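Several structures are given next for inspection.
In the two complexes that follow, chain A is the common piece, with chain B as its partner first and chain C second.
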Partner chain A sequence: MDMLINPTVVELSRLQFALTALYHFLFVPLTLGLTFLLATMESVYVITGKPIYKEMTQFWGKLFAINFALGVATGLTMEFEFGTNWSMYSHFVGDIFGTPLAIEGLMAFFMESTFVGIMFFGWDRISAKAHLVVTYLVALGSNLSALWILIANGFMQDPRGGTFDPNTMRLEFSSFVQLIFNEDAQAKFVHTSIAGFVTGSMFVMGISAFYLLTNKRKDIALRSFRIAAVFGVISTIGVVTLGDALGFIDAKAQPMKVAAMEAIWNTDYNTASAPWNLIAFPDKAAGKNLFEIGVPYVLTPLLTHSEDTVIPGIHQLVDEAKPKVVNGIKAMVALKEYNHDHSNVQALATFKQYQTDMGYGFLAMQYAPDQDLKKVDASNLASVVDKTAHETVPNVWVEFWAFRIMVAFGFIMLAIFAFAAYFSLKNEVEKHPLLLKVALWSIPLPWFACEFGWITAENGRQPWTVYNMLPTFVSASSHSVGYMIFSLIGFVLLYSSFIAAEMYLMFKYARLGPQASHHGHDQAPAGGGMAGQPAFAKPSLAKK
Partner chain B sequence: MKNLFTFVGMALIMALSLFLAVITGDYGPWYFAWLVGTTMIVLIAVAGAVMYEKQDAESQGKTGRLH
Partner chain C sequence: MDLYIGLKLLWWVLLGVLLMGLAIMVGMDMGVGTLLRFVGKNDGERRQALNVVGPHWDGNQVWFILGGGAIFAAWPTLYATSFSVFYIVMILLLFSMILRPVAFEYRSKVAASKWRDSWDWVFLISGFLPMFVYGAAIGNILEGVGFHFGWDGQYYQTESFIWYLLNPFAILSGLLAVSMSVYQGGAMLMLRGTDPVASRARNYASTAGIIAIALFIIGGFMISGMTGYSLISGDPGMPANAVSGQVVHAVSGAWLDNYAAQPILWIVPLLAIAGMLFGALMLRANKPILGWWLGAIAWIGILGTVAASMFPFLMPSSENLNQSLTVWNASGSRYNLIWMTIFTAIFVPTILAYTTWCFRVMRGKVNPPNPADDHAY
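Here is the complex of A and B:
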């Protein structure tokens, strides 16, 4: 760990990971939500026995299938990327991170994929009730596989369940229970899964609105709209309240991220009246907001759910980081000595004494002369400590605005779903074409909210891959710049063709819609209704 | 015999639910909330659809339209 990786390679690795992760997450939320919507529609089919709900399940299932395939494919590349581009990271936390990742892979492939097959092709092969159970298992499976990757991410945000072993230079498992019941992982899972429910609902509601506007299969559109609007309004209330809870947990585990999210530079001890920044232009170099509009009396209750909890500002957190950097340097110097000579008990004892701040020592390496912490002495200590402490501040501008966009879209969607559910429950949606148009054009909103959510979570964790333990710049693999550019271009080309294919198929099948029913809405179209469609889309005639 | 199987199946589901409630309720309150919340969202959406059928039947009754 003496030689630092070329900063350009680190930046390119970050760019590649950010792009592939954000891209992968274009497919995930729809899978998480649409599966439960399919299960809902199919439940109505089994309860009421009305074949139209079977037809609905099959039609939306077809759109789900297009999305599902790309979700799995792009998820796979990411799992490999940990090894290829983040090998230092994988070495350091592989013992812990690998376990949830492996379970995730198993869940995605064995549980989800097996049942997805039965869900698509088993309509005529198993009973209606058994098929419903399968659809629920697909929904559960896709959300459970997300659970494991979020547990892994929860560990990166608030590392629990692992201890560093100076002999192997790795973080090793100490508690599986702590890992999976980590508060951050739990809150992340519920927020992300329900964000998927919101996405699925907006998708179904928007496309149904399109059918209503174009007079296509109103029987299916009205019913789908109703289910999606009701599902969506509760889910959006859920995502907002759970987002608030996630912010509350963040405030405990990652105060710097929260200070950046709210662009709080100075600690305000008048807790009750502290203003909450509605709009701000944070400038990291100047260490202040160039412009801000604050709403007094909102910040403390909003973030801490109390009136008197002090929220530390960025400057205070930087000052608090300084003694940690000093201790971290001592820990790393001792660790290096111990690594040269495992019989050096004095070095081991010193390392153990300062071990909790080890990550700050790692972080200081980039500012040490020749990147050698042993060369930090009285003459340069203050400058190294100061620079390193400032390095703990993420990009405040990005954090502040990414968070605000997610939240704003959350409230806009809540309003849309509320109106949609209200008019749908009164059976009056058709009288409100504006609402239908808004629903149609709002389809991208949940995707934007999700992407900005991830930017909030991951940008705010910088400069760490594992919070307070492992900085990003030591986590990457030591590839050449040429290799990184080559693979980046490869990804961009390949993924652009993927998205083009996905959008083409989605638009094609969504526009085409369920085939026109010639039989009135309570009957399944006889055979030819969906002729020419894939086998899984063909409804069976028999009412099971 | 079929009734017995149904009874045993239901009893197993109940035991599993109680186990989950106790374990996840204690250690993973958010996981527990997700299980309960998701079930609730699905059930309410199903109820919304069933209600639609009733409204539809009523409006067809009024207009004299046949199914």
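Here is the complex of A and C:
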């Protein structure tokens, strides 16, 4: 007999996935951005031949390595967790969702992880030019990796390229082109990659500012500061632009997410003057904002890039969902009949008629008597439909504020980078200790922005794992609460000690600075990893 | 033959290749981790041992991640079901797999002996445990797993995980996998390490090879008396639906049916035994390169034996026999498998090419690193 999964298990599974994904995403942006900064520094080294740029690359490369290890380790969790905790999801979309993940491994992750070994260990074993190519391959690999992951994520947000097959009870891959050219995936890839560049820039700039404030290795610090500041300005502008594009795309594909992001409860038909909520206290139970400050004439052009496109409110979207729930219930009842008897042509025909709304049928299951949609009749239909339609609204308070925090941090960083780049290009940063201090203390900002960006994207997707197709509560594995507590405790313990070790090493090596981290190399320039044992080391081809 | 059936078979072979690649390459790194405390008596020797696999463990680990992705895409139902059914075991495997990269990167970055010694224990656990779990999971699958599906494809499980992990055949399979990983890791330590690490590694690895032979043969006898599964009816070209469409019987000794039907298959277990035996002899004779390759052949033989016994089963259900996962009912769709094949055909040769290049660049003996050198692990 079919039962819904224990709601506690679903909530714990969600908690575990969110925690592990947010944790993984602490390391990914820095990897994405720092690889390109390393490649830039090393390019300057190869072009100019100045050894200081090699030293810079190696120093920042060491901090990169500390971060990279945890990115790889925690990424493994993500690859496993769909199977271990989201069994129904994996079964339902594996045919199309698993493919970009597999391609990511084949095309990107393998390249990144294999060459990263040569990047760290191969300095004295290959020519400077070959090493530069290796560094670029690592940068390319990590960013291609993000591309395929976000293609997979794009499918969850706006499922394109898959077709539900009632004979296999899953979404089957039907169009490669639609999968990879999904607008949501494309915009989100560029948005996320560039957010990584912002993170890498702020990291390098902040630590360089620390060296300038403490008079350590100014030669390296000034150069690193300038590269990072210029990189940062360009990247932050890119992030904001692509973020705007994402909002534009979501307004079409995920109107409910956008309505929640902006806390719009009722459609405003005066499109031109519709206010954009700067601050609001949304209350989902009451169905309105308890308090709001809006800026008129901003909302419509901001979201739709036009003045006359209507942006539907949450209440109107709930009303629009109601007929879909009615159809969805019919679809699911017919689908179940067809699955008990594959010769039931009538049931198959009924299913096909209502197929597009089947996700709403899944969503209604929790409100049906005995969780059996067949028992929904005239006496309880209205109540089931009403509850289900309201279920389509995500947590508006979280959505509204997560989005605002991300955007605010983005603009604060833009200002910091702009000042930093301006004074750095004028060779005056050292005259502005306040700017240096701000740069140092701003290091955490991009991380907050990235994490809140993830929350905006994924909280706004609720209650679905696959938008309008598969609800979250259906997607989970049917574990016992005990299993979930076991794994959650394990993750919390492991991940807490990881972050403690990571922060300890980061601070240790960042404080030590370039000079100290390098003396081993300076003592035995031809040895590298084989220092002290030149008999086995290949002659160095690298420029000294 | 229908293209879809051909694709299913191709991806069955690739699944096997992936599991073999994983066992050989990741198993080798894990064997080094397991042996670390035994082959290295001081910090310099342990760092030497770590740097033997240092430049490559990361690339090797990707086989593991790639394995997860490939099973997800090409065998979605198998991925969805096996990872959930073995939840506790999978979580333990995962924890040790994520501890290892961190141990590699962080161990030698702080000089305190307490710090390093703690990480060396992490290497031992994160080398031993995943290989044990890997073997035990395969052992369990041979025994049949208690799960069934609801009409919508959701799986349901009725048995506790403790019994999956702790039954005699699973323990034996787990120990076999650990022995092989110690063998493979030891061979690599001989190949790229210097004495005394290399000579200690030789003793451990050759002994592990002999133990592996014994475990493999005992396991073979256990399988011959075990309840096996037999596909009575099921259309190889069927849409991938595990809920219905097959008739499966459970028969004692059925895992030997394929060998009875095709006696030439006996070559596969013989290959495993020959690989382990001659491999151990080669290691004793100080021929680590030959020994390493014979170990790889032994792994291919061992996993090949499992595959030859079970075909076409992937994960039989002891609870609802007809819902057993097979090559025919658990695969991706035809369209998906075509794309997966295209990408594999392009990228696997590419990966092999650049991996070979990286191994060439980093070839040569590894010595205990200078204590001040922080370019090494």
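The criterion applied here is as follows: the second predicted complex is superposed on the first by the 511 of 544 C-alpha atoms of A that agree within 3 Å, B and C clash if a C-alpha of one lies under 4 Å from a C-alpha of the other, contacts with A are read in each partner's own complex, and residues count from 1 in each chain.
Note that a contact is a pair of C-beta atoms (placed from the backbone, for glycine too) under 8 Å apart; a residue touches a chain by one contact, two chains touch by 3 or more.
Keep in mind the model is a prediction, meaning the values are calculated, not measured.
Chemist: State whether chain B and chain C clash or fit side by side on chain A once the two structures are superposed.
Modeler: fit
Chemist: Could you look at A:351 and tell me whether it touches chain B, chain C, both or neither (first, second, both, neither)?
Modeler: Touch status of A:351: no partner.
Chemist: Is A:36 touching anything from chain B or chain C once the two structures are fitted on A? First, second, both or neither.
Modeler: first
Chemist: Which partner, once the models are overlaid, touches more of chain A's residues, chain C or chain B?
Modeler: Of the two chains, more chain A residues are contacted by C.
Chemist: Can A:53 be said to touch chain B (first), chain C (second), both, or neither?
Modeler: A:53 contacts chain B only, not chain C.
Chemist: In the superposed arrangement, does A:111 touch chain B (first), chain C (second), both or neither?
Modeler: It touches chain C, and chain B stays clear.
Chemist: Where does A:423 make contact in the superposed view: on chain B (first), on chain C (second), on both, or on neither?
Modeler: A:423 sits against neither chain B nor chain C.
Chemist: Have a look at where A:90 lands relative to chain B and chain C in the superposition and call it first, second, both or neither.
Modeler: second
Chemist: Contact-wise, after the overlay, does A:168 reach chain B, chain C, both or neither (first, second, both, neither)?
Modeler: Touch partner of A:168: chain C, not chain B.
Chemist: With the two complexes superposed on chain A, say which partner A:70 touches: chain B (first), chain C (second), both, or neither.
Modeler: In the superposition, A:70 contacts chain C only.
Chemist: Give, as a whole number of angstrom, the minimum Cα separation of chain B and chain C in the superposed three-chain arrangement.
Modeler: 16
Chemist: Between chain B and chain C, which residues of chain A are contacted by each of them?
Modeler: Comparing the two interfaces on chain A, one with chain B and one with chain C, the shared residues are 520.
Chemist: Taking the touch rule as given, give the residues of chain A at its contact with chain C in the complex, in rising order.
Modeler: Residues of chain A touching chain C: 1-2, 62, 65-66, 68-70, 72-77, 79-80, 82-85, 87-99, 101-107, 109-111, 113-118, 120-123, 125-126, 165, 167-170, 172-174, 176, 336, 339-340, 342, 474, 477-479, 483, 486-487, 490, 494, 498, 501-502, 505, 508-509, 517, 519-521, 523-524, 527-533, 536, 538.
Chemist: Under the definition above, what is the set of chain C residues touching chain A in their complex?
Modeler: Touching chain A: residues 51, 54-56, 58-59, 61-62, 64-66, 68-74, 76-77, 79-84, 87-88, 90-91, 94-95, 97-102, 104-106, 109-110, 150-157, 239-241, 243-244, 332-333, 335-336, 339-340, 343-344, 347-348, 351, 354-355, 358, 361-362, 364-367, 369-370, 372-376 of chain C.
Chemist: Under the stated contact criterion, what part of chain A meets chain B in this complex?
Modeler: 36-37, 39-41, 43-44, 47-48, 50, 53, 143, 177, 180-181, 183, 186-187, 189-190, 193-194, 197, 222-223, 226-227, 229-231, 234-235, 238, 245, 424-425, 427, 520, 522
Chemist: Which residues, counting only chain B, touch chain A once they are in their complex?
Modeler: Touching chain A: residues 27-31, 33-34, 37-38, 40-42, 44-46, 48-53, 55-56, 59, 66-67 of chain B.
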